[in-house]
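Two complexes are shown next, each including chain A; its partner changes from chain B in the first to chain C in the second.
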Partner chain A sequence: MSVETIHWHTFFFLLMALLACTMAVAVVVTSNIVRMAFYLVVSLGAVAGLFFLAGADFLGAMQLMIYVGGTLVLLAFGVMLTARGPFISMRTGGGQWILAAIIGGSLLAVLLQVAFSVKAWTGRSLAQHPPAIEAAPTAGPIGLALLGVRPDRLDQQNAGLRRGMSGYLLVFEIISVHLVVVLVGAAYLARARKRPGQQRAPAQPSPSRRSPLPVGE
Partner chain B sequence: MAEFFSQYLSPPWLAYVLTALIQVTLILAVVLTAAGAFTWAERKVSARMQDRLGPTRVGGRFGWLQALADGIKLVAKEDIIPAGADRLLFRVAPYVSFCASFAVFLALPFSDGWVAQRMDVAVFFILAVAGLEVFGVILAGYSSGSKWSLFGAMREAAQVVSYEIPLALCVVVPVMIAGTMDLVSIGNMQSGWFTNWFVLHDPFTFLTFFVYVTCAIASVNRAPFDLAEAESELVAGFMTEYSGFRWAVFFMAEYGSMVAVSGLAAILFFGGWNGPLPIAHWLGLDHGSLLGGIGNFLGLCNFLLKATMGVLVMMWARWTLPRLRIDQVMTTCLKYCVPLGAAMLLGAMLWTYAFPGGLILSSQTLLFTPACATGLTCAAGSASAIPAPLVAEQQKGR
Partner chain C sequence: MELLSIPVGVAHYLVVGAVLFVCGVICMATKRNGLGVLMGIELVLNGANLNFVAFASPMLRAEGGNALGLDGQIIALFVIVLAAAEAAVALAIAMNYYNNFVTIDVDRADELKG
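Our next item is the complex of A and B:
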């Protein structure tokens, strides 16, 4: 195994982490909203790359689907709502900078302290034994757990912990009902409001629809 | 392969880099060759449909080298950036589209086990990545500083975001029958006679395929759903301000995703690399190192043929049907494709529950292979377990 002289896992981890952090900083310092969204997408995509690197391919695909795809919708609305001038730039006031720096800095301090206090993450144990990157079956156990069956419960030795490992059936059902309600609500809001008595009152013509020539009047 | 190269190269890490470069080049070659070949095919097909000849001179009688000549012309053209454009995003946008289109091929198997990265969630990964192609289009439309571009990009955003839902619903049906999202396993479950293909599994999957075709054409932004580049209204939509190489990159991305969705359809519905008759099985080409390799190569030819057929159907649709209006596009999606997809999912679920071994032509009667048997029992066992969470996750993605 002489080809293992470079720890490729560490190399790609550093690459992806650097990309994610740099782009996250770029989101903060940019004032153009579409550039912000672009940097945000790159940053989130790099985080998805970290998930793939850790062997969590289902989580990585979800990250791409939800966060990166969700930013896409955000971007579409951002362009639609702000594109009055050619390229809008948003100015941030000094007070907001200070407030954001305090909140962000304190969160960073807490996270750093937690990260360095975990024994397993210190030293070179990870670099010497990088986690195996294989096509592990991730989707099946997650799907079963959503239906209330935890396959990893059998591997847990501690009986006390094993009792706490329940499935996610209730959460799953609540989310499903919630989504159905959202869909029904959207259909209700978007339906054509026509009542039998109000047929004669025409909708107010929008300015864009009004033709310059009085056709048929 | 890295171990093989490390015998000859002095710094060992160079072997890894070389291996990675070779694999990336192989996938890139697929995308670029497909783009070139299908550009030529599009010209010939459209010409035949309009009673013309199409390219006839460049490189021989059939104009084989027309795509190459086009490429040289596009590379030689001046790369213009409008004065009012956001220069950074304008430059980056085509590559964003192309990267998304290219990354789909990482998880797309070309034959039994011939895949760049075999993933447990390959189908889901492909859907997630293919949906990102629209990002480059929005960036292009916004950064061009032109209202035609912006209109085109907004139309594309609305269309693609809407059509992802029925597309995902259609993809879930074969996934549910197979009981896995691993495309290699899905392909192998359909080995044997063509009656094992999922499109002939039951009436619901048969109809699902046609809904899938509609949604796939819409999601890769081809006519009759090409509102984003409607040349009769928006000049060229989001590509109005592009010229030269960057314009060509957009087209490579479009043709790449056409091949990708066709390949996905071939694997999900038409047996992937398995031919209509199990010829490779009769000849004993399904095991062993050399024989298995030959069998896999035949499978590759099968797969490419099916993907090409899919792309040709898309061309046929493009040159036959008129372009839809934006409200018609949305009506097709929300009023027809989504309810049809949901009904097909429900129907296929009930069918699998009622006839776990197939109705008439089950695989056991024609050709018994272990893959078929495990596939069917797996489908029967996990049909009730897999679909519901997956659907919920697709909906959560919205």
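Our next item is the complex of A and C:
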């Protein structure tokens, strides 16, 4: 086939999809926790690329910033703090692998069958629509929707339906409070705690420790 | 090479989302490292997010229109935030478990077993 017939949107979609899927499979098959963390970073970055290709530019940026930049750095610190000796590479028994493969394979078969069973989901045909991508920034509409206004549904004629499309202000507030509570709880859980057997550190340094260097007699 | 010259649709995104979801489920079921289970959860949430974004995009449809529009993207945004919160708490619990039991193997966390 010639270069002119290549649909470049499809080309980059296939590139990102292949990257995401192979790295997700690599996360499953490797037993080394450090490599799993790296493969997960690449997979989630490729998913951000897929978000961009679907026209969700703000969401793709958030995926890169929050997920790859925040959550996975947190996860990498967890890996570094616990990756010691036998915990770096823990293998699973063969029976569990077989069971998981059977369940996962049947789940995948069902999902793939559903994905291709609806006519409206198969994408546009080239004859109807020229291969162009409508680039519309979504950061502004998303911000307005979080404040309680839906700029994309202003043409709704039915007043009863319009009342149900009143944005996401309440959800935004709930999720903000939820995030604060969760982070305070995480900090409480992860605080440094003394083991029961440990000696309490002296509050006042004893006179003998006050002068560690031997002074003249 | 027929695949390269047709526009992608929602179904293609659903396939990628299904693969990520199934990989996450297998990861959650088979990993013995507690952090590996967490990574499986991240994969599952990303597969779901990909489906939301695909259904929200009007340019992946055969007819255009009739898409979720902004709703799908905002729900995906909420899922990202909740995943961050969940990862923070789960990691704090894993650290606590590691400090108390000096292991990260989830099979040995059986103190509550009757």
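Rule of thumb we're sticking to: the second predicted complex is superposed on the first by the 139 of 217 C-alpha atoms of A that agree within 3 Å, B and C clash if a C-alpha of one lies under 4 Å from a C-alpha of the other, contacts with A are read in each partner's own complex, and residues count from 1 in each chain.
Here is the rule we go by: contacts are C-beta pairs under 8 Å (C-beta built on N, C-alpha and C of every residue); 3 or more make two chains touch, one makes a residue touch a chain.
Remember, predicted model here, so these are calculated numbers, not experimental data.
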Of the partners chain B and chain C, which touch A:115 in the superposed model: first, second, both, neither? second
Quick one: is A:61 in contact with chain B, with chain C, with both, or with neither? Answer first, second, both or neither. first
More residues of chain A are touched by which chain, chain B or chain C? C
Answer with first, second, both or neither: which of chain B and chain C does A:92 touch in the superposed model? second
Per the contact definition in the header, classify A:107: touching chain B only (first), chain C only (second), both, or neither. second
Which partner chains sit in contact with A:79 here, chain B, chain C, both or neither? Use first/second/both/neither. both
Let me test your reading of the model: by the given contact rule, A:138 touches which partner, first (chain B), second (chain C), both or neither? both
Thinking of the overlay built on chain A, is A:69 touched by chain B (first), by chain C (second), by both, or by neither? first
With both complexes superposed on chain A, which partner does A:21 reach: first (chain B), second (chain C), both or neither? second
Overlapping contact positions on chain A, where the chain C interface meets the chain B interface: 5-6, 58, 62, 66, 72, 75, 79, 87, 138, 142, 146, 175, 179
Residue positions on chain A within touch of chain C in the complex are 1, 5-7, 9-11, 13-14, 17, 20-21, 24-25, 27-28, 33, 36-37, 40, 43-44, 47, 50-51, 53-56, 58-59, 62-63, 66-67, 70-72, 74-75, 77-79, 81-82, 87, 90-92, 96-97, 99-101, 103-105, 107-108, 111-112, 114-116, 118-126, 129, 131, 133-134, 138, 141-142, 145-146, 150, 152-153, 168, 171, 175, 178-179, 182-183, 185-187, 189-190, 193
Under the definition above, what is the set of chain A residues touching chain B in their complex? 2-6, 8, 32, 34-35, 38, 41, 57-58, 60-62, 64-66, 68-69, 72-73, 75-76, 79-80, 83, 86-87, 135-140, 142-144, 146-147, 172, 175-176, 179
Seen from chain C, its contact residues with chain A in the complex are 1, 3-16, 18-27, 29-33, 35-36, 38-40, 42-43, 46, 49-50, 53-54, 56-64, 66, 69-70, 73-74, 76-78, 80-89, 91-96, 98-99, 103-105
So, in the complex, the side of chain B touching chain A is made of residues 2-3, 6, 12-13, 15-16, 84, 86, 88-89, 92, 117-121, 124-125, 127-129, 131-132, 134-135, 138-139, 142-143, 145, 150, 153-154, 157-158, 161, 164, 180-182, 385-386, 388-390, 392-393, 395-397
